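In the part that follows, the structures are each spelled out as structure tokens.
First chain A sits with chain B, and in the next complex the same chain sits with chain C.
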Partner chain A sequence: MAIITKEKTTARAAPLSDKSLIGWLRLNLFNSVFNTILTVVTVYIIYITVEGLLVWGVIDAVWIADTRRACFAISLDGACWAGVVSWLDNIFYGRYPREELWRINLGGLLLVIWMAPLWLPRVKAKVTIGLTTVFLYPFLAGYLFAGGDKGLFMQIMISGAILCLVGNTLHAFIGVFTGKGLPEFLIALLGKKAAPEKSQRNILLGILAVCFAVVYMLQMGASFETVSWTKWGGLFLTLVISGIGIASALPGGIILALGRRSKLPIIRVLSTAFIELFRSVPLITVLFMATTMFPLFMPEGFVLNKLTQVIIAVCLFNACYMAETVRAGLQAIPQGQYEGAHTIGLGYWGTMGFIIMPQALKHMIPNIVGSFIGLLKDTTLVSIIGLFDILGMLRSISRDAPWLGLHKEPLVFGAMLFFLICFAMSKYSRRLEVKLSTDHKH
Partner chain B sequence: MKFTTLLTSVAALAVMAVAGTTTASAADSTLEIVKKRGHLRCQVGPPSPGYYNLDAKGDWYGLDVQTCRAVAAAIFGDPNKLEIQSISSQLRFTSLANGESDLLSRTATWTMSRDTQLGLDFLQPNFYDGQGFTVHKDSGITSALELKGAKVCVTSGTTTELNLGDYSRANNLNISAVTFEDFNVRDETYLNGGCDAVTGDKSSMAGNLAAFPVPSDHIILPETLSKEPLAPAVRHGDSQWRDIVSWSVYAMINAEELGVTSKNVEDLRANSDDVNIRRMLGVEGNLHEGLGLSKDWAFSIIKHIGNYGENYEAFMGNGEQGIGIPRKGTTNALWTQGGLMYSPPMR
Partner chain C sequence: MPDLNTQKTQSTAQQLASAASSEVIIDLDKVNKWYGNFHVLKDIDLAVHKGERIVVCGPSGSGKSTLIRCINHLEEHQEGNIIVDGITLDKNLKHIDHIRTEVGMVFQSFNLFPHLSILENLTLGPIWVRKMPKAEAEANAMMYLERVKIPEQADKYPGQLSGGQQQRVAIARSLCMNPKIMLFDEPTSALDPEMIKEVLDVMVELADTGMTMIVVTHEMGFAKTIADRVIFMDDGDIVEENEPNAFFNNPQHERTKLFLSQIL
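This part shows the complex of A and B:
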């Protein structure tokens, strides 16, 4: 028996939860006595926290004053941001000479220009651009920050870096407008498209050599005043240490992870020993070892500055952690992939480079970025061995005579700064994951 | 046969080379090393009010920093030929021992065990400190002996904590210590009523008290629990270097006693008849020779750094960067005014 109505049922209103805020609230927050109590209590807790923070940090706060005492004179209970404001240069740049700050800013700007093509559509050879950022930019930036005399090696690396930067940028512009790469474009410009591949390559190498010579000549004239590493500090130093750590951790980690899975016993044992040694010791111990024990082992007169020691320690430490992350990623790749690669005739490096690593790295992105964020935060440990990184600077404010005892505000400021940086990193990693995910949508 | 000879000669050469380098480096005195390097490496600690701090421009200032600057001025005639190293207290003596620092000028208490067992020599103290208590004024406490059963806030890991325990036991006070890593948190807890009193070096207490929201609500009790002579230190075994650092400090104390200041020093060098001043400033005699420095070593200290009193006023007293610790009648006054600041005669 079927019931068939000829009349249409009258359209009903949308459920309360979809229609109005009140409906949504009732459905989600107040749908039972217990939930109602929970909601009320939670809202109250949020209210007192936010209200307290707001009153302390904004409403009662003092923004302009010369000393902490002057802050107290205006408001006894509010935050005294004036101290943080007057120390901003220290917090961002450390003790770097104030008239040379443009060098740090320029270094940062160059990095942005260098990396920008990575985000632009239609630009080719992004991997090459990424690699040059890791291998050439540090020389340019290093000289920009430290200054002093350039040795022959530095001169060559700096020229290479400048050339590469210019090339990169041109390449990016050409890529955006024409969809071509720089070499392709140059050949077309010279009208040699028809020429054989070998002579095309010779032409390009010729252009490269001429440009290199020109840049080399130009850079010989320029030189910067030396700024001792002891003057580096603040957020700048934190970013330098963690930047180098991040840039070297991934290559180092991949090598160590492959070493640990190697079939050659010596390489496997050495890699495993190295990884386990560094992983079983806290970072602070590694830092102490690097700065106090290391000079004792060295011949007298051999002095490696403390910053270099710290950077090396951070790099080794993080490479070991990264190695385990990479190994985890490698283990997730099914055996069939290796076998498939062998079937089409790829050797070890071909298998790893074209088949295994690209898949494994994609799986590892959340873990890799997690380690990077950890690394960034771990670098604050260097303040314990006497480098004035951002945490060291923030803590020093409370010792400066005009701001004696001002310790909460700087730390709150530091927390917000770290949150911004780390949150941006984790957001970017999410985007990267989505962009790279080709299959297995969960 | 031939191979063995070759091996032996190579080994002999290597031993000679190593021996050669060791004797060469041992022959270099600290003064020579510093002069060759072109600047002094002076170790201070993480910023500590009054002694060594960073200002908003990123420059170091403070009483101990002035000692560093004085030694640099004595050697180079320029107080800025100086690298200040800020090193945590766990590493301070290691850094001096392994040659990373030439001189330790930080709030290290001169104790017998440190002086005799750590391979270093403590010199003339530039500040005599002692541990004391701060309490809320409205608690009505006027003596440390009234702190029976009190909760006292203290920073951990220093002699301060040990002294508190000793004092409590000796006087049957039954004090319970509440320990903190950071003195800011210690003070915050005290201000919020977490402790009845704070204990610490009296100098830093005075500085911190000045930074409390209402300083007049608190008082420092008169008792002093411990002796804390804070002195610069150098590596054991280099007497010339030791002399240079000691006499740089003495020169500042002596200058105050003789009334020589950074302002009048040039005038006095040119016109003074006082033989003590003339000797100190290198117009007469040859005091500089024993130190291996130039004739005007003390002159440049006083010209660039000033005498002890000027520096005390600027960084410990009521100067713009000072932390407001009174000097009159304390151990840090000159010996002529009842204090302990005493320099052997410069002649």
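This part shows the complex of A and C:
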């Protein structure tokens, strides 16, 4: 039997919601006596640390001075940022000749221009753009940074890279404004839309060949002064090493991971042994091995400079870690996807390239970015074997006569710089993950 | 007893075959398969004629899926011969790839590619395996989407479709490869009742076009409509095969009777 009350229910206050600030505070920080005490104590601790930091780093800090002594004269307890400021060029570029710094900046700018289309809407063939970044840009940048004589191979790669950069940029512009790709646009421009596919392709190849020849001629005249790798340093060197490491880690990792899952026993055993060997040794050991043992294995008269050895070591090391990330990603793909791919006649490479890898990579994005961040930080280990990367530079400030003994400020500055870069990367990976998972609504 | 039975069914099969074309397109000869020590397929003999429609039924674990998965070499058999479209299945990868382009397959769990749009799901095979120009492949794909009655879904992703729609896309995906044979492994068992019909309708239409089909299913109504021959498997054996009327109304074998009494 139902009981029906006729009276109106009286109004009462809304239940505490965690939407409003006060509601949130009361729910999360002051919901019991114990929690209230805890909150008060925590706030006090935060206050004294932050206040100390603020006073040291900002209020009492010295920004402009010529020596550490001059800093002390102005303020005894404040940070002496003047040392960091006067070393900024060294921190960013190492001992790279000052009049050649534009080459590094240009290299960075070109990378931005090269990769920007990846984030622009309506641009087609983004995978190709990504691949050219990995396989062509390094040659262009490498020559820009190192300079010297160009061999035939370098000339070809540099011309290819320049051509690709120009093509990319045009392609991106056309994409943004018309939604078409560059090839499609050229064909329409020439009025050959109706021509059969084969002759269209021939026209495009012809244009490509002519452009390549022109670029090749043009670049022959240009050459840069050699800058020895021993002069490379600072954040620039850190980014070069970790950049190459990042660019090669993914392809290398994919190859090793596929090798480890191969049906052929030799390939499987070799890949597994290689991966496990590198994973069971710390990076610093690998670096020492690379610089001391590696030359012993090389044929007589074949000398690699220390930087190249270090880069090879970093690449191999990271490829092995990436291989395990990729393998985990591959394991998350259900067997049915392989079977679906097989039933439409795709072979091993087709199945992997079109079906399995794209899905696996998507699952792996957070892990991949995680290992990139790790790689960037690990790269500072090269300062131990005598390369002046950013950490090496920050530490040599304290050995510079005017700034003798200035340890704290450079390291704090380095920490903030790393935090900024790494934080931005991980934030971006979060966004990417959310975007990809809402894109296709699985 | 079983021997006599097999002989009888084989002669029926030959009579039935005359209804379809006389060309044998799938020929299984004393096929045996083991999972470890477990004998899944025992001396399977089966000849399928071009245009013939075969329904396979039997209790769970009897080896139905394994049987049809051997035909496009998703599973490997260990003894005996399987000849599909004149090609003997062996370790040669070229043969396997070729046979897979000629044999379409539809799974219980659809196995669409979630990262590709419906249209891309349908054109991937034709473009990369059949080397068809993109425009032609897309027109072709739209034609098959019309046939399974969901052309308006072309630009969506599999995750945005209902189960029945996904299964129809899966059928269209196989058809886009223009296969000579279609295999179906319980295509409707993962679907809600109201979606089963839409998928079965598409399959009936497909049967009307003269496609060679082998269908593992427990939809007996469907079997009666389209099957030229019903095969009953139990414990890795083909226990009984007959044309649908005789099979359902006058089963010969005790195990068949028991099975039919359970599902009808």
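FYI, the second predicted complex is superposed on the first by the 407 of 442 C-alpha atoms of A that agree within 3 Å, B and C clash if a C-alpha of one lies under 4 Å from a C-alpha of the other, contacts with A are read in each partner's own complex, and residues count from 1 in each chain.
We adopt the following convention: a contact is a pair of C-beta atoms (placed from the backbone, for glycine too) under 8 Å apart; a residue touches a chain by one contact, two chains touch by 3 or more.
Just so it is clear, the structure is predicted and the values come from calculations on it, not from any experiment.
After superposition onto chain A, the modelled positions of chain B and chain C are compatible, with room for both.
Once the two complexes are overlaid on the shared chain, A:L76 sits against chain B while remaining clear of chain C. Once chain A of one complex is fitted onto chain A of the other, the partner contacts of A:G386 are limited to chain B, with no touch recorded for chain C. By the document's definition of touching, neither partner reaches A:S280: not chain B, not chain C. Across the overlaid pair of complexes, the angle with its corner at the CA centre of chain A and arms to chain B and chain C is 140°, in steps of 10. Once the two complexes are laid over each other on the shared chain, residue contacts for A:T9 go to neither chain B nor chain C. Once the two complexes are laid over each other on the shared chain, residue contacts for A:G350 go to chain C alone; chain B is not touched. Once the two complexes are overlaid on the shared chain, A:H342 sits against chain C while remaining clear of chain B. Between chain B and chain C, more residues of chain A are touched by B. Look at A:G405: by the touch rule set out above, it reaches chain B but stays clear of chain C. By the touch criterion defined above, A:S32 reaches neither chain B nor chain C.
Think of it this way: put the two complexes on top of each other by chain A, and the tightest Cα contact between chain B and chain C is 38 Å.
Contacts of chain A with chain B, set against its contacts with chain C after fitting on chain A, share not one residue. Within the complex formed with chain A, the residues of chain C that make contact are 72, 74, 93, 97, 100-101, 103-105, 107, 109, 111-115, 124-125, 128-130, 133, 157, 159-160, 170, 173-174, 176-177.
Listed in rising order, the residues of chain A touching chain B in the complex are 68-69, 72, 76, 86-87, 89-90, 93-96, 98, 228, 230-231, 233, 288, 291-292, 295-296, 299-301, 303, 384-386, 388, 392-393, 395-396, 398-402, 404-408. Here chain A touches chain C in the complex through residues 197, 336-337, 339-347, 350, 354-355, 358-359, 362, 440-442, going by the rule given at the top. Residues 21-22, 25, 46-50, 53-59, 83-88, 90-91, 94-95, 98-100, 182, 184-185, 187-188, 207-208, 210-214, 320-323 of chain B touch chain A in their complex.
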